[in-house]
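Here you go, one structure.
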């Protein structure tokens, strides 16, 4: 089956910043992404889990975005403007996609 | 530690199609996969989030499937038969696995 | 935007083992990871979904860990000590990261 | 007319409708107020269980006769017939293509159980106890409309796919099973069973309904915000006219069957309401080319609020007039 | 015998058992009816809190004597002892290997708190108030069985691993902590405390139990469907015989302690029931080689439904006969 | 003093406080007891809806005068003013930098609605019905403190960012909207509306509060365990002193306004309590450099338990003394 090269970007970010990340992606013309829930984690600021949370301030979400390589920079710039001062992890990987006309 | 090359396929698909995808994978002999919940997303048909949903019709799930490269085509064909007329994103990436005898 | 090479490890493991995996990672000096919920799946021990579960014994979680290549072996060893006798899938992929000083 | 205005005013100022309005307003103002999905689903399980059980206990208390079978038959006819009327109206009033018109039509033959619950609650407050078996009529009306809609589309060359397994999904969908199951349990255990659990399913019922409608308001509001673009004046008009047309069919059916005034109101409400759970899920599978924004916005964003606020008092006034009840 | 048949018939037609049956039937028919995990967990928190609190308030009302300590001791002995009987039966009746037999045996020494709750609710309906402290006996019976099971496996060269941290997990598992904590709160605040919150924990209790058992039926049914393949006639027979054997041990313990008829029923129920939450979680960690399908299907798919439907009326009839109560 | 000790003892032994203590103890002992996030959120929606509705129904019953407006004004002044006092205390008692001190100060100007609910519940038990409009005062006190805190930080060269959209998020956050919305619904539907749903929002209220506080105890305990390292004696002292200082400001405001004894208690409680939902979320966005461990541990781990256990009886005793009520 024919596939096409693309990039898979994964952004783990604080829940209160999700709306802002979505807006920044939108402005940068990145309109395809999927948001996954996060149960807990660990990082420099310690270990946390959803059970110990009250309200949305402490949680995180993972945003997965598949896009063509040439649009990667626009996405990274938009993402960086949001995560800059905030907690967050951004990774980029290579992948192949089916139905490339979607991206 | 010894690892072995494999493929990682990620399928983002409408929740009402999950049962059908599972069945198609099963028929194609792909019996190893994991289903993750999805909170929301954005695509050509606009932006959505779980909060605005009623019933299962609008939600999506992510299916992750690790398998040996030689079985990839069977999986893609099975997947395509299900997502063909439906909303859905399919990506394929390379990975290494521990305990390759499982795949 | 400048990025740096890193590894992305994904561990799918039974929920009752999550605490032990966290502890093992911590001991191995791996302090950055994120835990995602899992809805269901299929493997050699059959197919399951969260709906058919009672109590935490049957569920699984996915742990995603981004780290520098040179620390990969420590992580795999720690992980293996926990998943050895248990159900679980471990995959390793290549990725690039923003803000490499975090890893 | 005075009756209708009085009824409408009383209805609009009830905690139930105001809770819905609160949710709607919050969503339109883009507040982040939200009811967790699991909690909303739990509330709906509660409402289905309670309304089914009470219906069954009512049947146990008042006995049963041939009217039940006739009412079930009328439900099937309404559910399968209304999509044809809806389809014709849609082709006349809007520019929807066959697939989308068929998908929307299917929603209007089927029913909204929450609208049914809200109408039941209004009837209970007014002492107009309806026939308990109307719960079974509600359940039987969910599915036939889907068949009618697919037939409408396929007759015109559409590629609706009625796949193996879809029928089981539709007929055994959770809401139907719980509603009918609770109905049977209520019937079997009767008033004694009801007495055992009435402080769970009767006393707090209306309060739970308030919280549930708060969430419905939030969802309807978010839906309206997201889907403004698909709304045309024609669609909007259809979303307001179709429930009234449907309710007339329900009125006739109710009168022919000789139902009580309360029963007639429920029959009208069922015919007037549009599905937003079972049918959308089936349409995603069978008619993936149809645009969900259109049918969801119509049934959830237009017709549901209309029925909840003005429709129910209208049907109440009409049923009273017609039955002299 | 007449008594048992009457009791069984009444029990089988109660809303509680019918709700369970509805869930079971829905799952076997592959309906997509489901209770969200968070809602099911919330219901179980409610039930544990309510039953613990009421038990404690009961102790506060009726005072306490040495029987509590003796009952706790009996609970420990039953929990640690029954796995040996279960293990012997399993080796005789089935072809399970040591590890699987040990794992199953551990489940049958421990208890199912929902079975306990259902039995309590039946007793309350019949005016047979049991001793409040039976809640504490239930809590203390959860863990000893695990130790016994691991000992059984390791004695035969199995590699059960009793890792640091596992004991804390077992002894401080959420259910035990909440049950005992609520028991203490009920005891401390007494009837006055109960009066403050009884419209939350007493009045709606049975209705909540219905919804919870609906979910238990769904889970048991899904489990049975998924795990048909592991069921053998021998295992099935064990799943039906072992609760009766256990209940006899419970009967003897209850009579020796001089408990009330209600207390004897609860002691029998505890001994007869098998764990499907705490022990499976512990076994996944300590005996990962054991097949969860076997022990979950036995305790959840066979023994739990048996106890809920026929077991409880049987124990009730036996306890009445034996105590003359 | 005798009064305070009596009140404190009665409060400490209430099911509400004991449930909180149970959660705290379970978390500190590392039990895995937990309330699912969706269930906890549902409980809080219930509490907000119920307390708002009852407040509004109270206003409908007792009428309204200029005191409401004055009380709202006092709320704004307290909310905007207390951060300055808190900031000064923090700079004196601790070594927090500007950003962290500002972030903490903002929490103490704002309020904890659960503390308010707990105080209301104590007042209701004692027959000291407070003014219904205090619910609106609670809502209005959430936001001004955030503005004050950001001003404090920016004045000293900090880079607090008050981005477009943040204000809408703060003012339309779900809790405020639900609380005020339910207040309005209660007001519009009045005692008749309350009668329709009181078996949902009045009767089970205290029991629901118990379960909710169980979860608050779990969260506070987990927070304390995770954040021990950031706690210094200075911070601890601040977390105990600040609520008392705040309550004095509230006392003065309540007396000046001429509130009832119950109203004075609530005003003191609002001033004394610290936010742990709305303000932390706003601070993550506006002051990301501030350490969440510090402000969450202070408001959730220190001040909240203090208010719940000793604070409320203290404010009750003080208000009685001061109003002679």
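Letters A, B, C, D, E and F mark the chains as written, and numbering starts fresh at 1 in each.
In this section, contacts are C-beta pairs under 8 Å (C-beta built on N, C-alpha and C of every residue); 3 or more make two chains touch, one makes a residue touch a chain.
Not measured: the values here are computed from a predicted model.
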Neighbours of subunit E that also touch subunit C are none
Least step count from subunit C to subunit D, where 1 means the two chains touch
2
Among the chains, which one keeps its Cα centre farthest from the Cα centre of subunit A?
E
Same or different, please, for the subunit D to subunit E contact, judged on whether over half of the interface numbers appear on both copies.
different
Going by C-alpha centroids, which chain is farthest from subunit F? Tell me that one.
B
For subunit B and subunit F, let me know how many angstrom lie between their CA-based centres, rounded off.
45
CA centroid of subunit B to CA centroid of subunit C, Å:
18
Chain centres from averaged Cα atoms put subunit C and subunit F apart, in whole Å, by 39
Sites on subunit F at which at least two other chains make contact
32, 34, 36-39, 42, 169, 199, 203-204
For subunit C, residue numbers touching 2 or more other chains are 36-37, 47, 56, 93-94
Can you list every touching chain pair?
A-B, A-C, A-F, B-C, B-D, C-E, D-E, D-F, E-F
In the complex formed with subunit C, which residues of subunit A make contact?
10, 12, 36-44, 47, 49, 60, 62, 73, 76-77, 79-80, 83, 89-94
Can you list the subunit F residues touching subunit D in their complex?
36-39, 41-42, 45-46, 49, 53, 168-169, 172-174, 177-178, 181-182, 184-185, 188-189, 193, 196-197, 199-201, 203-204
Touching subunit A in the complex: which residues of subunit F?
34, 37, 40, 163, 165, 169, 216, 218-219, 222-223, 226, 276-278, 280-281, 283-285, 288-289, 291-293, 296, 300
For the complex, which residues does subunit C have touching subunit E?
14, 16-17, 19-20, 23, 45-48, 50-58, 85-87
Which stretch or stretches of subunit D touch subunit F in the complex?
13-15, 18-19, 22, 25-26, 29-39, 42, 125, 199, 203-208, 210-211, 214
